[in-house]
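Two complexes, one shared chain (chain A), two partners (chain B, chain C).
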Partner chain A sequence: MQILDKKRLENALDKLAGTAEVFLPVKKGTAQSGFYSWKTFDKEQDTLMLDALNVLLPPKNVLFPQTEKMYSFKEEGEGIEITGTYEDSKATIIFGTRACDAAAIERFDDVFLTRGYEDTLYKSRRENTVIIANACYEPGQNCFCTSMGINPTDPAAADVIIRDTGDAYIWEALSSKGEKVTGTISGLLESREVKLPELKSFNTIVDYNGVAEKLKNMFEHPIWDRLSQTCQSCGICTYVCPSCYCFDIQVKTRGNQGYRFRCWDSCMYSEYTQMAGGHNPRGDVKERFRNRFLHKLEFFNERYGKPLCTGCGRCIAACPAGISIAEIISEIKEADTDA
Partner chain B sequence: MKEIGNKIREIASRLFNDGQVDIFIAWRKGNVDYQTKPYIAKSIEDVNNIVFDEYSIHVLSNYLLKFRDGKEKIGIVVKGCDSRGIVRLLEDQQIERERLYIIGVCCPGMKDPLKAMKDHSGLTEQIETTDGLAAKCLACIEPNPVIYDEILGEPQEPNQKGERFAQVIEIENMSPDERYKFFESTLSQCIRCYACRQVCVACNCRGCIFDEMKPQWVGRETSVSDNLMYHLVKASHMAGRCIECGECERVCPVNIPLMLINQKLIKDVNEFFGPYEAGMQYIEGAIPPLSVYKEDDPDNFI
Partner chain C sequence: MHNGNCENPLVPGVVKVIDIKDETSDVKSFFVKNENGVPFNVMPGQLAMVSLLPVGEGMFSVSWQEDQEYLQFAIKRVGLMTDELHRIEIGQKIGVRGPYGNGFPVDECKGKDMLFIAGGIGLAPVRSFIKYCFKHREDYGKIQILYGSRSYDDLCFKDELFDKWPKEKDAEVYVTIDNPEEGWDGNVGFVPSYLEEINPDPKGKIAITCGPPIMIKFVLKALEKMGYSDEQVITTLEMRMKCGIGKCGRCNIGSEYVCLDGPVYNLAQLKKLPPEW
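Coming up: the complex of A and B.
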């Protein structure tokens, strides 16, 4: 098998960064951990987080930036001229993403590239992105990816899988894109046999089987009153979620010119469903809360055959009110629907 | 603390039994030792879920806003910070005093379950000071409830020691360019999740400027200029209202030092219009300094 010794990791990252922009798990100064570009890595202040289980901010920002310009325009007399479009096709590598986050990218592919519409902004980024996934062997307290049908040691959507054996990574290319990046660092790889790590047991296990079906009849169930009771309706869960993809399209103008951009939106905000005529179909926290979990666990599954939760556990760790999607899945599973 | 927890459950049972409350706002345990979370008991059967322990940090007074339009009679447990939040809500006429039965607890300072959750989830560099008191509790100037119907525990000394505004003074002493750079770099991290607004007891407006679309006062891009605009506008609205509970900074998922901004305003309001500390005592009809106009108000900073 091919091995990348951790002593050569920085060297490998430098080489990869010569061919593409490499985003990897980093704690940036005193700010939150997330996926940041290797070229901005500051040895004095930043910490490489490849040895940590994961980082708080998922890599979704790389393929689907929180704010992105779509096109700019200029008004000329009666007409409008499009002065620029902003498709981004620079070569990119996401290095060290975990299986939960890779599975979330797989879901983005479903949303942005299938069912009759291709999102060109997403597509050009995605086509030029190589995913080097870091197989997971030591699940954290709030990880439950296996419960959501994800194999942590065999990440989906990966072009290369790396497996951490302590002082080295096993390096395995899975696609032609993967072979190509492997070529970039082939001088740093060695060939020897090492023992594969063993997957440790999960602390959090939920039973999602049948939950999507059951939810079809639970729209008016009293459980939503209770579960949403302490939700304060902020957007943390949606923004730290690797798979939440809702966005809004807005415009900024100055004088006779401006640009249209899209930005992440959150179904937890009342403005999200605010209609032009003044009505808001999800004016209450309970309604927004219910919609979020129905989308994750029922609607998305209906359309794409998989849930929109990949069990990364970030929302569980970051929710100020301690609301846990794992607990919610279990509560739904156990809920009495005969009443 | 175990004893206080028992007493809270006793009181809650009594209040439900006597029909004195319809709901009771307190805390319950999560799945792990280091997580305690807000809880709203709706009947005497729920009382057994109520806990009070060293992780009961979440400020509960904000939850009263969920019930401001109702008629429910509400029991609520408050520490020093939560109680100052109640004073603010009463001053702003967001809830009627008669609807509340307030159980005050003298607070020795709490640990932060959010920090512990992140550390134990493998999302930080590894467990550092999970056992210590939360940063916001080390900055606390009033651990004892300032408004209550019943009080539990022995009065506590404030944890805040030394120069209260040391960090603010440090920023004040920067050159304007350094200061701009500092705020540009910290606020550029903001992901606009609005958690700082949602947990804030002083943010009790029904409609918020940041949700307005017609006109849209503040852009939704996570650009430095829109982020600065969000935080500066929000902070200005906090002047004379921030009770220094530190919840905004504690819940921020991207570690923005929001209390620095709030503390600067606390310091300024105190210097210009004070002495004043928001929500320290409830006097019926009292109005916070920036809600009144006086001819001799200082204006030399304009």
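Coming up: the complex of A and C.
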């Protein structure tokens, strides 16, 4: 097997960064952790977080930026002209993503690349991105990916999988993209046999089996009143979620020109579904809360054949009200539906 | 960044407003085309995103496509974007992208008698199918149109309602307003109760309805009472939309995206969805 000694890691990152922009888990000074570009890494202040299971923010901004320009326009008298469209096709590497976040990218592929329309902005980024995933062997406190059907040691959508054996990574290329990227650091890899780590047991296990099916008859169930009671509708769950993809389209105008951009939105905000005439189908917190969890656990499943939760546990850690999707799954599983 | 024709489905094409017509005090029809004719072909009931580029975009049903001559949008002034839209003048260029959504099942309805029931601006989408039926008159049976508004002034498409449609072959037009008015000798009352009064026989008929949520609710009840099956009743839904292509998330009802899978559903399909419509 091919091995990358951790002593050569920075050297390898430098080499990779010579061919593409490399995003990897970093804690930026005292700020939040997330996926940041290796070229902005400041050894004095920043901390490499490859050993952390999940940095605060997932790598979704790499493929789906929090805000991105779509097209620009210019107005002149009665006339209006689309002066340009934007597309990002620069070579990119997501290094060290975990199985939950890689599975979320798989779901983004479903949303943005299938069902009639291809999202060209996403597509061009996705095609030019190589995913180097870091297999997990020691689940964290809030991790429950296996419960959602995800294999933490064999991340989906990965072009390369790295496996941490302590002082070295096992390096395994899985696709032609992965082999190409491996070529750029081949001089740093050595060939020897090491023992594979063993997957430790999970602290959080939920039983999702049958939940999507059961939820079909639980739209009017009283459980939503109780579960949503403490929700503050702040939207942090959607912000930290690797698989939440809802977006808004807005405009920035200066003088007679401007551009239209899209940005992340949240189904937890009432404006999300507020119509111009005043009608709002999900005006109350309970309705938005219910829609979010049904989307995650039932609706997405119906449409794309998999749940829209990958068990990363970020929303559980981030929620100011202590709402846990893992507990909600268990509550649904146990709920009495005969009443 | 590149210029010219791009494949991004979220980027609009530019069209020119060739005519504007006041339908009511707060509804205007906008007729648009580009140098090649219509920017795209639409089927009755389909949607398009209209953008006043510096202000905003809004999803509207296309009230009519006149061959390759123009697209017509009948738009009510209800918010920021439509307020700005109502200020523009003939000659202005605006953005438009589409068509979106499934549209009315024009082929499945062939050979049927048609009952159209609309309230207020809800006539805008329904009208596209009414006009389609008249254009393909031999494909459809008897055509009944029931339309109501708050007042005479609030009735849209008056020339068609009072002059054109009643003269079409085998067509009946019923118009009602909410309250009595001087000079109005037509029916007074809400659409659902007028519907029960007319009591159109469900046999061989398809009912198409659109209007304010409260009107739809009572129209559906009335139709059920008259013996219409869930498959015979079709409506078109409204939800907030941004992308129009089933990606941005907000227009979902259950696992359906109204912009892509809808906006037209029959009652049997709607009853399978969560009651958020």
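Everything below uses one rule, namely that the second predicted complex is superposed on the first by the 339 of 339 C-alpha atoms of A that agree within 3 Å, B and C clash if a C-alpha of one lies under 4 Å from a C-alpha of the other, contacts with A are read in each partner's own complex, and residues count from 1 in each chain.
By definition in this document, a contact is a pair of C-beta atoms (placed from the backbone, for glycine too) under 8 Å apart; a residue touches a chain by one contact, two chains touch by 3 or more.
Here the structure is a predicted model, which is why all the values come from computation and not from measurement.
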{"item": "Combined model on chain A where chain B meets chain C, clash or fit", "value": "fit"}
{"item": "Chain B versus chain C as contact partner of A:Leu121, first or second or both or neither", "value": "second"}
{"item": "Three-chain overlay, vertex chain A: chain B-chain C angle, C-alpha, nearest 10 degrees", "value": "90"}
{"item": "Touching partner for A:Lys200 - first (chain B), second (chain C), both, neither", "value": "neither"}
{"item": "Partner chain(s) touched by A:Lys90 [first = chain B, second = chain C, both, neither]", "value": "neither"}
{"item": "First, second, both or neither for A:Glu327, with chain B first and chain C second", "value": "first"}
{"item": "Which superposed partner A:Gln274 touches (first chain B, second chain C, both, neither)", "value": "both"}
{"item": "Chain B versus chain C as contact partner of A:Ala317, first or second or both or neither", "value": "first"}
{"item": "Touching partner for A:Asp248 - first (chain B), second (chain C), both, neither", "value": "both"}
{"item": "First (chain B), second (chain C), both or neither touched by A:Lys7", "value": "neither"}
{"item": "Contacts of A:Glu75 with chain B and chain C, given as first, second, both or neither", "value": "second"}
{"item": "Closest Cα approach, chain C to chain B, once both complexes are overlaid on chain A (Å)", "value": "5"}
{"item": "Shared contact residues on chain A - chain B and chain C", "value": "248, 274"}
{"item": "Residues of chain A touching chain B in the complex", "value": "27, 30-33, 47, 49, 52-57, 66-67, 138, 140-143, 229-230, 232-236, 238-240, 248, 250, 252, 261, 263, 266, 269-271, 274, 285, 313-314, 316-318, 320-324, 327"}
{"item": "List of chain B residues in touch with chain A within their complex", "value": "30-32, 35-40, 58, 62-63, 66, 113-114, 117-118, 120-126, 186, 189, 191-195, 197-199, 211, 213, 216, 219-223, 247, 250-251, 253-255"}
{"item": "Of chain C, residues touching chain A in the complex", "value": "1-3, 6-12, 14, 53-58, 78-82, 89, 91-95, 213, 238-240, 242-243, 245-255, 260, 274-277"}
{"item": "Footprint of chain C on chain A - complex, ascending", "value": "70-73, 75, 78-87, 111-112, 115-121, 219, 245-249, 251, 253, 258, 260, 262, 265, 267, 272-279, 281-282, 287, 291, 294-295, 298-300, 302-303"}
